[in-house]
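What follows are several structures.
Next, two complexes with chain A in common: one pairs it with chain B, the other with chain C.
On to the complex of A and B.
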């Protein structure tokens, strides 16, 4: 059944005008300070490299083809994508479990747990990363403690590895996941779960068929936040990953440091493409099915 | 409701439900107080009472969402006190319907069958027949949000009965509907319950609804059963003041016990001497009695008559009028009379005398006792 397209009447027009008026300042701001610079940056990547000028003289695709055919860069791209998705998965599992447990707590107890999760965010990124270095380093708290309890093998080499980055990022990212999922779980009427139970669904099947799908909006928000924050995390990655574990962000930084503007531009746009691509896939996959009622 | 749907769903075996000495306390608040109740298989039983009387707690105890602090719950004679809700043979309709918003109407109805591991080819015809039973076939692919309140109510009902449970639990299930739709659904629900031969336990605070639909009405107050009986019994012969007041307006009068014997108690009320069955109240004491407003007739009198009442208020209610009469130093009496009756000419400030059959005077217990 197709509904007739509504004719715009006066009140519609007024609503549009109001929306335009309210939306104009932020849109103008984004256009001038975000869209235009991005376009400028994009052009820089399509010009021949010139260390003395931000934008080279001639048009070329060589910057893209060079990087996308170089095994080293491809490796970093795959590593960035892989570690990003891995971190999202770990954060989703731990974060969902924590949020699920917290949802059943009394509101007051829940607030305390939430504060506990937020506590790491109150410490600066740099301070927190150095803290992890002090814990995970070759002569750090972890290794000295192990030695103190009688472990006499070679020291654990966690620092400057993917593990260190994952551990370090998790303390920043988990709160985003927990809060997103917790909010979604909070909005699910307890009666849905009771209804499922009355219809013969065990707690596990109730979770699978009812709670999980209904919390999809929160999972989507949390997953997007964590993934995008992982892609743009620099301090944690460079301090805890060190020279051995480099991600795309680190390469952009290195390129800028050495005045390779064109290369920096290309790497930035690859990063942007990854972020956009994965976001679109996540949104399509976790779109709440009919939860809002499908209006045809 | 077409006939061809009957065979599909008539396989349900109605189950009896028994609560034995059940107490449910939340901290220091006792919601259900040492309550015993027997619901025979196939009956439509209403739990009626004001909010906070423990009726919903009772239903949740039967459903298994709550565990009793003390006492046992039986379904079909089996002790299910510690059986989780998903292993009890019950269908439930919630006040808010609790239809799964991310599933279509058909998927909602199908859910109970799916959880029971019934193969898909067998489920499909059952879902279709149940949807046609509640007249929702054209809406099978819609989402709950796209339905009206009455349609959602029907989906909830279909979802709760499709797997042929032994007992159907209804928690204020019609409360969210408007009046005319509610009355229509009352009839439909009752027909459906008879057709399926299912036991129904219906929680409501609406006395009219309870009287209209039930085989047995259980009137509850403060976590206890005040009275249990057929609609006519609880309405015509209330045992306590609470029941008399809760089931429609009633005149609660204080009779004076004049004489007691082994076979009768005589009381004086409204200038008349009435003989009641013995009720253990000593002579000279007060005995509360109930007299329904529609059981009182009025005849014109005059101000010269010492026992006459004056009409203080007349409220027109369509089919009937509600007339308040009073006499100095006494509680006003409420009289309900049909507009077609002789009382139709009675106006405010008229002098009248009340008439009633002594059999309409029902003695009351002041408080609930443990049944």
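On to the complex of A and C.
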């Protein structure tokens, strides 16, 4: 049910008409080439699998119940959540500290550091994952350097493991956290902190009660971005984790490779549900702090 | 610790030491973050100039042999060419759609509707790209849309939010009263767009276009399902090499070429900001 739009006067009416004319092409484009295909994929997961067609004839929930009652898939879901949240936590600690330091720098220096974090975001993730392969591989930079400083044990085998995926994804996504937190820190009025300090609060107390709560919106943005991007980083996961390390997104890819459309759809929407669920929890957890009015 | 505390003069010194340690720790974290983020990219650029047959770090000597091999490998050059073509088309289409979307939003008198539409235009930014790719693959097959054309459309969708963000920020900063003034003086909308709005917002428009171009040229997860043998973009081709043929150094050269393009575009965006900011 659409509520009638209150129209104040004729200029409002003209504005709505102009907006509708201008907005129609992009809105139509996103409905047809973004919303509709996703809706179609959802429907495909609710139909009986049909190897000869993309979409079966009969409605069913069996695709969902099959996967959600299978221990293997549940294990992958837990691993996906665990590695995602682990990456978010590490990125939050490192990224917050880096942003906090950047905020205290002179504007000129801060801009240079900001560019250093912005630039890698523009480089394709496959290149950045390749960089980590070159560093962590058996004859990679890390092992060569260790050998050069006198280590003569067996080469470290970090590549093709969960650790490699966590290191790679965390560093690939770290700039999002740094930039989000820095944006929030920049908007905090310095006088709040000066007031706290002049009233005798220790730097730690000032940070805990003033800076951290006021920067909550930036923490929320950074955390959401990093978590959501860990969920869909198939290329990074497959290059650094190797063929045997599977996250939910790898299973989506495998299902597509074997033309199991219904299964691919179900796995995709489980992934979306995880994304949505964690986002809602994060928003609820970090919103109240953002108001900054809590007594303690 | 207790023995130090008994010396009155040592107390401030200890506080000073702790402050210095904390400051050093923060410097270390910032430096480490930069190294972790930039290091992998620099390693690839460095080894792409290697003269050796296989990966070796540091390279025994420098040469351009892998670049000449890159430019004489047809599968790689055609992938680079396709990437550039798609990025050119997709960035232009995305910028046009983003301009229309931003102008529509600026005119909407209802803030709620405006906020809702803004969320819609930014949605592809956070939507898992691999699921978008899968959705589009199914949709194109069923609707009978050619995959070449479909790949360009997919890049338009992924790049749209980036162009939109740059353009709406520019439009919001510029005084809407100016185009209203032009309209009240009798200028038709297109005329006021051409003579008033565009000359004022060109920096946002151009950096929006470049952002869209950069996103398209590095796009991976959506393209994964929409490309195939003989029809791949450069990042997908690089991925294929890394996965199935090992990390050959010609791939490092391919990556360095890509990084070079990004450096030029990134520098362009920054100089636009600098010129427009003056």
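Keep this in mind: the second predicted complex is superposed on the first by the 256 of 296 C-alpha atoms of A that agree within 3 Å, B and C clash if a C-alpha of one lies under 4 Å from a C-alpha of the other, contacts with A are read in each partner's own complex, and residues count from 1 in each chain.
Keep in mind that, in the parts below, a residue touches a chain if its C-beta (ideal position, glycine included) is under 8 Å from a C-beta of that chain, and two chains touch if they have at least 3 such contacts.
Because the structure is a prediction, the values reported are computed rather than measured.
By the touch criterion defined above, A:200 lies against chain B but remains apart from chain C after alignment on the C-alpha atoms of chain A. More residues of chain A are touched by C (comparison of chain B with chain C). Within the superposed three-chain model, A:36 lies in touch with chain C and out of touch with chain B [touch as defined at top]. By the document's definition of touching, of the two partners only chain C reaches A:231; chain B does not.
When the two complexes are overlaid on their common chain A, residue A:95 makes contact with chain C while staying clear of chain B. Using the contact criterion defined above for the overlaid structures, shared-chain residue A:253 touches chain C, although it does not reach chain B. The touching residues of chain A, when paired with chain B in their complex, are 189, 191-192, 194-203, 205-206, 209-210, 213-214, 288-295. Chain A makes touch with chain C in their complex at residues 5, 8, 12, 15-16, 18-23, 25-27, 29-30, 33-34, 36-38, 40-41, 44, 54-55, 94-95, 97-98, 100-102, 113, 115-120, 122-135, 137, 139-141, 144, 171, 174-175, 178, 224-225, 228, 231-235, 238-239, 249, 252-253, 256, 261, 264-265, 268, 271-272, 275.
Against chain A, in their complex, chain B makes its touches with residues 63-65, 84-87, 90-92, 94, 96, 98-104, 111-112, 115-116, 143-146, 159-160, 163, 169. By the touch criterion stated above, chain C contacts chain A in their complex at residues 25-27, 29-30, 32-34, 36-44, 47, 55-57, 97-98, 100-101, 103-105, 107-110, 113, 117, 120-121, 123-124, 126-132, 134-139, 141-142, 153-154, 156-157, 160, 189, 214, 217-221, 224-225, 235, 238-239, 242-243, 247, 251-252, 255, 258-259, 262-263, 265-266, 270.
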